[in-house]
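What follows is a set of structures to go through.
Consider the two complexes below, in which chain A is the common component and chain B and chain C are the respective partners.
What follows is the complex of A and B.
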């Protein structure tokens, strides 16, 4: 094999990545600078304007931007809160039951996200079993068409991956360490706080990074389980492109979203790196 | 602890189970059947040309996507794991990018590209796009598998006179086959269930099952939606199950084991 071999081997992937990822994202910037079409086509070719960026960063636009970041952070936090105990539980089972439990948690990923959210919609909706069983005691809380629904829906889509990451990281912790702490007289809670938790922090940070990354791009949760106020940037991009046919405005929204994801993740990486040193 | 844990695991599966239960409803309401179960909506699904052709189109696109993902991700993983070359780290990072870009951005970016290139609405464009989305998982799985193998095995083959190509085909490929099959399964299932980028790219001539489900779900949900979901989930489980069976059957005839 020659020096050219690794380049030949990488060529198919490079073509795919350049053709379907780099080119579209670069062209997205160009499309975002077109003037909107007036009646014909999806944009006015040959024009240059900043008006689409002005439109996506007006008062409403900045509100959506803020909501998107807050929503992404909320999804990440909720995902970790839900996934960590499940991962701990899975790790505490015997090998065979671990496989069963992990398989069950990953099973929804074999199904379409639309189906899952449909099931969730029916479960949480005003006619669903949750509301009906709660209504015996109290006025049931609304869990669809609002923030709670959107958060639950999106977390539900992200959590299985977080559980997987956490289980893998927890499995790397030598069980002898916890056993030693217990043997030296630490209570279960103390052994967890002083041994298991600190050793699992890298896994938590990775799971949080992934959840934040996907949470910032949230689309289906807000769309299917949220209300009109839960408009993330992704939802806005889709609406501009398909409800109004304004491709330039949608492209500007998409560019803003890419920048937001990049900056938020960079901030997350900086903060968590500093924490690890302490 | 144990009960609460299993309850939590059960809750994760609940929406899927609930959707499956609703699909057997005898009437048009979105309530699970408690008395009589019925296959009425399954029959309606199979009788409707649009649903059935979308299901088959989804399967074809998923097959194409898995092939694209493996053809691109497999060799790249081999190059990154076995060679040191300029651009290696950049490529390794870029290969994971498709999983990081928000689907709405990718969909919106591809829309004008495919529109301009005349590929908008072709199943080929859909398979290529889904192949791109499957690239990260194929790359990561095959790369980590390759890195866990001893390069001495390939060196031994070369030392015994095999050419680079022969050692790759006779030694490396059989050893990474389980990782490749896992990648195929993940890319296939991922494509089958991909409904976000498809939402931006689908036209009536290239709509996949999720693209048909979407308007129904938003504006007039009925048990047909549940049927469509269950059928595609069942297909995904079947596909992965058969791939696991192939992996197991192959294990018996792996190189080095006496046959």
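What follows is the complex of A and C.
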């Protein structure tokens, strides 16, 4: 073992990081600084410009940016609200049922996300079973091609990961603590509020971090279950690249997205650091 | 209950003297419980009117389950639990006013020792300052300093955690204190210190205590009554002297200490029957006298400090383990004399669960 050994051992990871993260981002930045090529290649060489960044940060662009962050936060919040009770339920089962329940939560991840969301479209659509059974009593709410649909769709994709993280964290809390709290006179609800919940906060913050990470990059949910109003940065990047062929504009949008995700997660980590998480 | 004590009795708690007159103050009646169809406690009944009860048995005998049934953490499939003269079988743990020290202490890791102790007072809606005052007081009584009381459980030693758990279980003035192997996780020296403190606190507070242990010595030393358990059943319930000297079965005899089991012929009491002779009841060498004295060959000698244990094969008699103060110069292979005093053997009433050896 020499002093250099640790660096040598981390070489494969470094190669992977440079090859799969740094290089594409550098190329992305490069593409974003030129005019579109109108035909051959991703950009027109020799046309250095900041025009693409001006375009993605104009009034529309900033609105989209704000919506993307708010939508990501919404997905994270909804994910936690849905996942926490599921994780609590799974934790309260015996070991065998825990495995079955976790399997059920993760089962959708074995199918393609597109297939899942097309299914969800059918389920929530105006002619779907949800709308039809609701229409017996009330005017059925619209659950597709709007914000509700986009949120439900994206949360559906993110929640299994959050459940997994929360189950692992909750499993570390000794069930005897709840018993002890109740023996000391705390009701079931009080024992949860004063013992289980505070001890699970680190897990909640970590699950929230992951959900926010995915939520900021939301694409399929807004794309397939949202309306034109629900254009996140990812959706806009896709549209610029594949509908209009404006690769440099798409690249500028992608750079903006990477920066936004980085800054938002850094802010989240700073705010939650005192809780010793992330 | 000390008149100036900081532990004020909860409503409904009678003074211990009054409760002693009512035999049904604390008891179980036909209590059974099964985990997923596997019976863990089978038809246990007893009435206890003393101060300190110990449930003794090997691990897996159902004694901890029984403690959880008393505390309300489990609900019996049959039978009744009576605490304070009231049937509490249907009450959840938070309605039972019973303090429990869990085997791993189950201290709240996110709260300081002080907040752990005040928890039971806070959930009763007492003013914050009262809670902390009484918690501090209780922590002092179990021997924790103010600096230690500020620490979270992870930064306390095993013995300190045990004291915090005890203070937490006592501070709200419970009707009953349950201790699940309270000394099992501590080293020998600390165990002896804490056992003495446990008894002192128990006497000071006057709270009726039920302790679970697998250590016979601990059970005999601490208790007014001992319940000996095996395989989910309560085999015998009696004073330490009863269960040690007059066990009702071979299992009980074995679970309280070493045994010599001899037949009626061996001791001249007529055919049949199984008799218990504790090793320290036998006499060895020059001390051997009485109607039945054997010549015996020494098979092993074990020096324990205060005592010497000698395994001897009696010529024309049983093999006996003898525990005595001294056995000067005795070596394996030598001949000596062994006797069982006339009134020392106990006829075990129900000896079918183990043949004499």
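Assume the second predicted complex is superposed on the first by the 251 of 278 C-alpha atoms of A that agree within 3 Å, B and C clash if a C-alpha of one lies under 4 Å from a C-alpha of the other, contacts with A are read in each partner's own complex, and residues count from 1 in each chain.
One rule holds for everything that comes next: contacts are C-beta pairs under 8 Å (C-beta built on N, C-alpha and C of every residue); 3 or more make two chains touch, one makes a residue touch a chain.
None of these values were measured; they are calculated from a predicted model.
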Quick one: classify A:206 as touching chain B (first), chain C (second), both or neither. neither
Identify the partner contact of A:55: answer first if only chain B is touched, second if only chain C is, both if each is, neither if none is. neither
Applying the document's definition of touch, where does A:17 land relative to chain B and chain C: first, second, both, or neither? first
May I ask you to decide whether A:217 touches chain B, chain C, both, or neither, giving the answer as first, second, both or neither? first
Looking at the overlay, what does A:177 touch: chain B (first), chain C (second), both, or neither? second
Considering only the touch criterion stated at the top, classify A:190 as touching first (chain B), second (chain C), both, or neither. second
For chain A, which side has the bigger count of touched residues, chain B or chain C? B
Check whether A:148 is in contact with chain B, with chain C, with both or with neither, and answer first, second, both or neither. neither
Contact residues of chain A, present in both the chain B and the chain C interface: none
Which residues of chain C touch chain A in the complex? 71-73, 92-94, 96-100, 102, 104, 106-110, 119-120, 123-124, 168-169, 172
Touching chain C in the complex, chain A uses residues 174, 176-177, 179-188, 190, 194-195, 198-199
In the complex, chain A residues that touch chain B: 1, 3, 5-7, 9-17, 20-21, 23-25, 27-28, 31, 42, 82, 85-86, 89-90, 92, 101, 104-105, 107-123, 127, 156, 159-160, 213, 216-217, 219-220, 223-224, 233-235, 237-238, 241-242, 247, 250-251, 253-254, 257-258, 261
Which of the residues in chain B come into contact with chain A in the complex? 1-2, 4-6, 8-10, 12-19, 22, 30-31, 68, 71-73, 75-76, 78-80, 82-83, 85, 87-88, 91, 94-95, 97-98, 100-113, 115, 128-129, 131-132, 135, 139, 164-165, 189, 192-193, 195-196, 199-200, 209-210, 213-214, 217-218, 221, 225-226, 228-230, 232-233, 236-237, 240
